[in-house]
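Here subunit A shows up in two complexes: once beside subunit B, once beside subunit C.
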Partner chain A sequence: MSAQPYRPSATQQHRIAFRRRQAIRSVLLAALSTAVLGTALGFLVTDAPGWDRVKLAFFDGELARESLSPILQGLWLNVRVFLVCAISALALGLLIATARTLRGPVFFPVRALATVYTYSFRGLPLIIVIYLFAFGIPGLRLQGTPSVTVLGGAAIVVTYGAYLAEVFRSGIESVHPSQVAAARSLGLSYRQAMRHVVLPQAVRRSAPPLLNDTVAMQKDVGLISLAGPIDAIRAAQIDQMGTANFTPYVVAGVLFVLLALPLIGITDFVTLRAARRQNAGT
Partner chain B sequence: MPTVLTCTDVRKTFGSAVVLDGLDLEVGEHEVVALIGASGSGKSTLLRCINLLTEIDDGTIRLDGEDITEPQVDADRVRQKIGLVFQSFNLFPHMTVLDNITLAPVRVHKRPVAEAREQAMEWLGRVGLADKAGSYPDRLSGGQQQRVAIVRALVNSPRLLLLDEVTSALDPELVGEVLTMIRDLKNEGVTMVLATHEMGFARQVADRVAFLDKGRVLEQGPPGQVLGDPVEPRTRQFLARIIEAGRL
Partner chain C sequence: MVSRFTLLTTGGAILALAALAGCSPVADDTAPSATASASADVCPAGALPTRTAGKLTIGTDNPAYEPWFSDNDPKNGKGFESAVAYQVAQRLGYSPADVTWTSVTFNNAIAPGPKAFDFDINQFSITPERRNAVDFSSPYYLVRQTVITVKGSKIAGAKSIADLRDAKLGAQVGTTSYQALTDVIKPTVQPSVFNNNDDAKAALENGTVEGIVVDLPTAFYITGAELKNGVIVGQLPQVGVPEQFGLVLDKGSKLTRCVSTAVDQLRQDGTLAVLEKTWLADTGGAPELS
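What follows is the complex of A and B.
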């Protein structure tokens, strides 16, 4: 005789039915509470005494349509600057973090410089760095001074490089000393242990916070507008100056959010996966 | 029997804790010496000191007659001749089993990749893990990971293999496969020093058992004598506690 196929017992069927009722109840409650809060917020804003004026100055549909094209053109500059800056800053950060792990008296100046760099540029406001780079460097009147866009981008790279270096460094420090011990016990030198055992693990572990900083960088790329090039924010500002209406800024803001969504999604995905992997370990 | 390892009057302290207190130990070629003793008696510290992962405070350690504890000695070169296997395996999680094993042969001993891989596969075949060559360590059981870790140490043909409680982190049913592997290595003449809590295994595999107490070798001799009829009262005490815990 073959075994009976498994069927949940009566007790288990009761449990399943109960959980299903609970689930339906939860969904209904969530929907109701969201609707109440949303309506309340809506009334709060639209009933405000100045709402009509704010609506005109910030949410003018026609102006939004007109400003979209120049802002999109400007945004394309932001995208290009961002891609170049992100790759450069990641490379710079890894380089600095690695420099700080060098051992031996010969490398003292390299370590010291790397440390001074990460300390000072994490404290210095990005706006000031952009001003110094974009207006200070051309002021030297050197031959072959690059454009303000490049200088502004360099300011972002140098500032974010300092943050990313620290993220890499904490990744390096999070690799357990027993990994270095295992590598050294096999006869690998300190440098070989770093290169083949510690750094690959550190980079992997740093991925979620690195991506998070990259998301922050994506919007800070808009600050190069301070240096003069016509990016999305500068384009919005030009529109705003002509009409004394802030709608173009709102348009630019929405576009920045849309632009950031994929990267934010990737960051969340990578973070979740990393957390899951961490928890899966014994 | 030529001497491979000589520890003379080795001293190591961590802060105010004296871990090794004038320890002497000699290991001959093809000899298997089991270090036993309570937690904190200095077994693991001694193994790390021999492998120069921990610097000793006084005394000398000689490998094939060469003083390896002199500061001007190239520690990397010494470690190439001494294999160390850890309690917690310490495989590199970002590398496949095969890459774990071939890392040192390729990077340190500058062997051609194809040759190193071939040798690694041969070893994996011998220990029944050939099908795991492409797997990452987290896909392996503890016993499999530890066997890979032993192979990783062995492919460098070390003069001396140090095993630091290699079965302590394993589930009981996985201990056997690792012990079998170590027994095979003994039969091939690999010189080993192993710190262990497995008294039954020490009795079977060791040529000599050394009981460590308060940072010294208090008593040593053939397993039958040290484990069966110890001279020192402290050794008796230690073994009585082990028997009480059902581990002998």
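What follows is the complex of A and C.
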């Protein structure tokens, strides 16, 4: 039998053409409604009676250019502190989550300590922790006290570690107990079962919320400026107070959004991929 | 005490300066004959419409603090404000014997209502809000920025601005102090910036910074009352729009014009500068850095 090239039936061709027309129609409709809404919003803002003053106070192009350099300098501090803090907080969170899920009466004090830690540091406002670390610890006048930047970073790690620990723990507990039972029955020790069976699944499942918390952390690292270092927002504040114009804050805000975009993109991608895998074969 | 460099105070100070600049030529040049006779009438030496005829009643708070006063005794003519008060009295035609001091708390002096003094001298910053309640004379003192540190710090013995350049310094964000730090000292190490002077002070005590910049009155207060081992390194040259101290008079007082003229004369002939150097820099222990 000679192979006949596939030809959709007349009905099917009709159906495809209809679908294409529908697709074009919805794209056009979406573009139109976006344009209408955008124009309306634009007029609403620019026609507001105070727009001219707001424009001067928040969108001063020359001031934006002038303030860009000190703000970028401050942002570099944010980036460095963020990278170190994010990695340390993720490690600390994983450690605490593992400690909280240890079984057996011997480990009660470890579990209790880990629980007390996550309870107290999730409740304690970050600003207070930074004050305690950056102003309290140097006050002890111990030899080799690190710089306030390091101490402020430690405060952020300790606070975010508590949140991330809970995210990890929920991931660990979402792995069905039968998985551990199966691993143990195959002869794996508790540690091996955790390492090779539970944690890989737990981390994968908790990746989206973990990354989400990390994005939030990216904005909070600037709070170390309380202790003296000049971060992007502080640099903007210095310019703002010198000129009584809020444009530097807008510049800093835009830079923060740009900085967060890659991480937000990764988060979305990881979430989508996880959802696809979860639903694979159904 | 905090000199926040906000729009309001800046605007107020500029207005005040503009008012000063605008007033003096009118009084001196534009209508010389009219004002000459008017001032002779309005400000007769030693015979002003004071509370007690022939006497000048000056108010200040009790206790009166160093270095503005000395030994809590305004009558001794020692301390910057006591000296300024007696100089103003002399210009108005009152000998030290004709000056009576009365004790008035800071808040009462700037509250609306009848006053128990002809003028009050108590480190009052001139602000638009206070102008609603009282009259101010021309400023007799423009607040200077000052570096303070703790005993044993490497900048404790600094004699010049150059000695401070390599130190780790701090100041409150958005203040003239921060402006002085970056514009006058121009440190080689990035300065620390704090939300308020209390944080800056804590960092100084902790040794996180080696020195902080505050205004002179705050410097005297911190080193005198708050820090056990605080020392003043010195005053910086004037920068930005400084806070101004003025004599307080009753709202609409007939004396305001005369007292302002007396203060203006003291500034123009250099008396105020001499008093400032004598009582704040030399006796007060806040040497000039250059």
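Odds and ends about this structure:
What we mean here is this: the second predicted complex is superposed on the first by the 279 of 282 C-alpha atoms of A that agree within 3 Å, B and C clash if a C-alpha of one lies under 4 Å from a C-alpha of the other, contacts with A are read in each partner's own complex, and residues count from 1 in each chain.
As a working rule, contacts are C-beta pairs under 8 Å (C-beta built on N, C-alpha and C of every residue); 3 or more make two chains touch, one makes a residue touch a chain.
This one's a predicted model, so the numbers in the text were calculated from it and none came from an experiment.
Contacts of A:107 after superposition: neither subunit B nor subunit C is touched. Of the two partner chains placed by the overlay, only subunit C lies in contact with A:241; subunit B stays clear of it.
When the shared chain is aligned, subunit C comes close enough to touch A:230, but subunit B does not.
Touch criterion met: A:138 reaches subunit C, while subunit B stays clear of it. No residue of subunit A contacts both subunit B in one complex and subunit C in the other. Subunit A makes touch with subunit B in their complex at residues 178-179, 181-189, 192, 196-197, 200-201, 204, 280-281. By the touch criterion stated above, subunit C contacts subunit A in their complex at residues 5-7, 10, 170, 173-174, 178-179, 190-195, 199, 202-203, 205-209. Residues of subunit A that touch subunit C in their complex: 134-135, 138-139, 141, 147-148, 225-230, 234, 237-238, 240-242, 244.
Per the touch definition, subunit B reaches subunit A in the complex via residues 48, 51, 53, 75-77, 79-80, 82-84, 86, 88, 90-94, 103-104, 107-109, 138, 152-153, 156.
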